[in-house]
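After this come two complexes, each holding chain A, first together with chain B and then together with chain C.
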Partner chain A sequence: MSEATRSGRDWHSAIDKLRGSEIESIFLRLAVLFVVGLFLTIATDTFLTQTNLVNLLRQASLMFLLAAGLTLVLIVGGIDLSVGANLALSACLTAGVYKATNSVPLAIATGLATGAAIGFVNSLLVAFLKLPPFLATFATLWVCQGLAFFYMSGSVIYGFPPEMRALGSGFWLGIPVPVILMTIILIFLTVFLRRSTIGHELYAIGSNATAARLSGIPVRRRLILVYVLSGLTAGFAGIVYLARVNSADAGVGEPLLLPVIAVVLIGGASLYGGRGSAIGTLSGALILTAVLNGMNLLAIDSNLQPMAAGLVVLLALALEAVSKKHQRKK
Partner chain B sequence: MKMFRGLALAAAALMTSAAYAAEGEVAVFTSNNTDPFFQTIRDGADFSAEERGMATIQYVPTKPNNIVEQIAQVEGAVGREPELMIFVAIDPDALVPAIDKVNQAGIPIANIADKSYKGDFITYVGYDNFALGEIVATRMAEELGGSGKVIIIDGIKGNHTNEERLKGYKAGLAKFPDIEVLASQPANFNRLQALNVMENLLQANPQIDGVLTIVDTMGMGALDAIEGAGREGIIVASIDGIEEAVEAVRDGRMLATAEFSGFSMSCLAFDAYDRSKDGQEVPEDIILPTVLIDQANAEATLDGLRNPTCPTWDEKVGN
Partner chain C sequence: MGNLAERLDPDGGGRVNADVSLQGVRPAQVSPAPCVLSVKGICKTYPGVQALQNVDLDLHAGEVHAIMGENGAGKSSLIKAIVGAITCDSGEIRVDGTPVSINTPADAQTLGIAAIHQELSLVPHLSIAQNVFLGREPMTGVPFMVDHRKMADDAAAILHDIGLDCDVGAKADSLKVAHQQVVEIAKALSQNARVLILDEPTASLSDREADALFAMIDRLRAKGTAIVYISHRMNEIGRLADRITVLRDGKRVLSATPSEISTDEIIVAMVGRPVAQPSKEGRADRPVGDAVLELEDVWTGTGLAGITMSIRAGEIVGLAGLVGSGRTEVARAIFGVDPVLAGRIDWMGAPLTGDTPERVKSGIALVPEDRKEQGLCLEQTISQNLLHASFWKVFPKRLFRPSRARSISRDSIAKLRVATPHGEKRVGLLSGGNQQKTVIGKWLNADARLFIFDEPTRGIDIGAKAEIVDLMIALVERGNSVLMISSELPELVGCCDRVYVLREGEVAGELADADLTEDAILRLAMHHD
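What follows is the complex of A and B.
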């Protein structure tokens, strides 16, 4: 038996094991979400109302869109620090192209192309130049941020037509459009990661890139795929951002970078790769959004809010650590 | 084009040796490239410099509001010996040693917008943020007939401008015993966060009569949430007087905002320099008059924002 097929078997069985713990970890996250939800339902009489839940989903959807591609990057053991700056540059260029041409399709195409192009550059740096993803995407973060600063030169572009704003603030059959977009991407990503060979290969690369290569996985091409997808979802999130707030400036990305990384990590992905799921990232986005929503509903003192948010995140992570310890004892 | 000129000058600066006395050069220090407010300061400085046949070099930290970077920029600029420095302090204390170096080199420097606690400046030009808050809150309370439920959306805790405006809001509302402040919630000067926070607060409070936000960008977010939810009869007011907000005031979507013009601050800093050069008295602090913007003066304010010109010294400072 050649070494390649042997390690090939290894990663298949490793994936099976991983998926078992993955499912447990998703349940854990839903449990955290349920506890937060239960607390807020008891503590307020406004949390568990249809309109509030619609708000919650809509607020979480933007985070999820930005985090979706990033989840894939973390699964292969990479990181994409450029997503926030990518969102900003894509939003600014989308806004600028709309104002110059009055064409919504052209503007949206610009945003998507910008996002994907940034992702492609990242992928070349990581897959071909073999730069550490942290440094490569840190550099592209600055390049994108600088381009956005230069393009906008301190200005704000605002005021977009209803057909464009519908992407961020419209409704379809009573459901907010960004929530529908989120659901489509959630289903697509889940099927992709669970059912497709490529999806399985991503976990294999993240668990052990050398073994993955030896067992015949085209690692380079897969890396290109995930970084391009990460760029593409960031660009798309930029368009939805613009549509939601009706305005774009060069500074919109920076405040989102740390929260979006937190969302993916709370969602069960690991900085060491091999872990993560779309539904996990969704629960991460919902947990963080529910905490912020709950603090507003409870009118918690402004000074205490950062601490309260930090404590809930810690609680979610501590719960996972305790449960992992418990698993190992079994 | 202005940016290209700035870059060209910066490149020229790198090629020539330091300690090169640049005739008619004005070094302008602002806090970031993200908040459009600082662009109005840069525009005002460019405008004023051009009027005098001078040229600006704009110094902006690549990382927004980065203190260390601003210190390096100020120290670096001292070596170029510009004729004048216009300076926004990212931090009131941390920049003091760098300002000492400017003073030692004998370069005239004016402080605008965000104050440095120490240092020898031609003058400080700014607004009274407390008074801005008070006048806007009073206008809102009067519009509500002296009674109603009001929400305040906060910026970043501990930020000087934020705290002063917040105190002003509260002082303005406190004059009306039948006005109740339902909640004061933070949104970090961020439009998206203000939108989210307002959506949540609309849920939590079946009756809201007024919303005060610390800056106009948050006001626009709050307005979007209210209009998106289809809630009628909620009055929104804010501070800054950015173009989009003044348009909303003109269109009757927003009650009022208050002028906070970076352009005027720059203009008056140049005027103060001219006067000090001529040996005239310059006040230690130039506090610009508090101007409320509501439907009565929104159109005129918009004209001013779109074709900005410098106010006269007499108009804003007197004598």
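What follows is the complex of A and C.
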């Protein structure tokens, strides 16, 4: 065999390996993001300005914080509908504790603990009672939402100290703090999924939970971890949200739930499990935010925004289906 | 190779009731019956694969025509062509001597051709009668009003004709798989099917249910239905077939009556080379060590009622028994899937406790019966699957190193001779044999000492079967132990040093050396002393 044909074959085999892989789907998403960005740069004067980009990144980072844990849940083949309500309850309790104690650390700890506790309840329902994740988290969604409304009884808590507000609206080295937080979580999550064996176990569980269990992967413990992390990131997102808008009210979670699921789906995670990545979810957050931001800049009726989000989700799913079909044929 | 039912009752007196009429209806070897369906020179090419090359097939009324071949030999393509699921590139299909074109399944149905696939397609929440007449319900004359009484009576009559008496008003999912199959056949017959294609119909049936199916096939044959029968099981072919056609690589390589040809010749035709049955002859004597696994009076909630057995190092121990005798449940108890309610399991001299992950770490491996549902993540790559049982072992610090993963994958693929260009291929695209090798490779990477194989060669080509058996022997030669659950008696007798026969959750007997024969296993399993 000549050297030339051999390298040719290696090249083909490399392409073969790449096709349908995580890398391919991420390139696809970055390309979509680039096209959206390019279009808006040409179509508007304001898209490619520092103010707008900072604003866009800040919005995307909040979405990403909320979606980060949800990505893990989708990788193991579950769903967490309670993230929006979790964010609302965590934000309200954080605000309440701060007003009662004037202690920022205590308030933040409360928010994180609330989020994690809700996640833990979800994990028990899913891993031990074996409830379908959709039903279990559907119930906790209403429980959390109800608790938040009861706790706030229609009022809004506002006015927080600068050191707390910095989490949402501050800058560090000229970069918005939420964007820094997003980057940290992105790196942490990517390393966790790619370079820890636990990450690889999560993909196996999502791909076939029975086979994973019969391979000796501790499925229950991993499910608990995943739902707790999902709750924890939701709680954290609640704190950042509170810090950004400088107020807490019980109704902030509901409008976030469907967009955050959209973000994860646009990011390439599958409701059937086994797929998804941190960078994918980030690209999902950026794509959705850029589209909505662009609609604002183009002065398109904001009532059309949900429809636009729906179309973006459909587009992402259709691209996925086409690439999968192509892969099957081979 | 005699069939199971015959061997169960050597005197020939009290065989399963349904079979009584068997000898009477079996037609003489060469039947002058008219040719119902005739396939001439059909070809089908998929990108890169010639699935069918000039295949001929003649099907006569009142004949069971067995089609055999390894996976990928072209059996399913041929069937799909006949029922109109694919369109052929060239060739001709005649029904009753008239050329026809079958482009859709509806065309085939009109011509009286029906196929019963392995995956049954009843609507679970509809009644049996509704399923039989789905889409063709008898009407009362009032628009949209179904004549339920007529439908029930007709369904009951058709089912009675082929030997199933049941409440036709019951939901389809209340039936056992075997009976659901009968309902599917009734559905085909109610559409006046004259050609019935059965694709591996006994795959999920117990021996007794299979016997009832054979009796029904005999009755259909006596009525003049032409039957295409696809199966991997040689003894069924001997029991049923009037004619055998063997396909290999999309070509017809053999067509003969069972009397003209031996089992060995069929196997050679299928594989293209002679394949040795597993046999202990010529195998080096292995040193057998101490007992590594001991079960003492083990009871579980899944039906084990006092199982006592032991497995020594360097030994292949077989676990035989009918479906439902508790074979798989023993494996699940050892593997920590089902809790042990009473009794003890000792592993390496110490009580075996903890959950499945801990047992995996202590060196126990399970190669499950259903590798697609329980053994593999089909959407993931070979490399990924090869690591699923050994993350704890390969990466003790939980830090995943892609380079290490790649080298392990390369080694395993080479060692097990998995047929794939690289480890990044999805496992779901592999053949049964290569999938099974991937499962075994997964456990080799976990350094398992005891390998529990549940039906290790089910759904695997004959050629790959021999390779799997060789792998098992290689395992014990290195001092590991194998517990092998199998329904294939020749395989048990050929591979195992000892066999425990289970019956209703108890050990009915233990066989070794000269006592270990297929007859002895069957007697113990069926309680024929």
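We take it that the second predicted complex is superposed on the first by the 280 of 330 C-alpha atoms of A that agree within 3 Å, B and C clash if a C-alpha of one lies under 4 Å from a C-alpha of the other, contacts with A are read in each partner's own complex, and residues count from 1 in each chain.
To be clear about the criterion, contacts are C-beta pairs under 8 Å (C-beta built on N, C-alpha and C of every residue); 3 or more make two chains touch, one makes a residue touch a chain.
The structure presented is a predicted model; accordingly, all values stated were derived computationally and were not measured.
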Superposed partners chain B and chain C on chain A - clash or fit: fit
Partner chain(s) touched by A:V313 [first = chain B, second = chain C, both, neither]: neither
First, second, both or neither for A:A127, with chain B first and chain C second: neither
First (chain B), second (chain C), both or neither touched by A:N296: first
Comparing the two partners chain B and chain C, which touches a greater set of residues in chain A: B
First, second, both or neither for A:H200, with chain B first and chain C second: second
Chain B versus chain C as contact partner of A:T210, first or second or both or neither: second
Contacts of A:E254 with chain B and chain C, given as first, second, both or neither: first
Chain C versus chain B - closest C-alpha approach in the superposed model, Å: 31
Chain B and chain C footprints on chain A, overlapping residues: none
List of chain B residues in touch with chain A within their complex: 3, 32-36, 38-39, 42, 62, 64, 154, 157, 182-186, 188, 190-193, 195-197, 199-201, 203-204, 217, 220-221, 224, 228-229, 242, 244
Chain B-facing residues of chain A, complex: 44, 46, 49, 51-52, 55, 58-59, 62, 142, 145-146, 149-150, 153-156, 158-159, 169, 241, 244-247, 249-252, 254-255, 292-293, 295-297, 299, 302-303, 305
Chain C - residues contacting chain A, complex: 47, 335, 337, 355-357, 359-361, 366, 368, 373-380, 384, 387-389, 391-392, 395, 398-400, 421-422, 424, 442, 446
Of all residues in chain A, those that touch chain C in their complex: 13, 16-17, 21, 194-201, 203-204, 207-208, 210-218, 274, 329
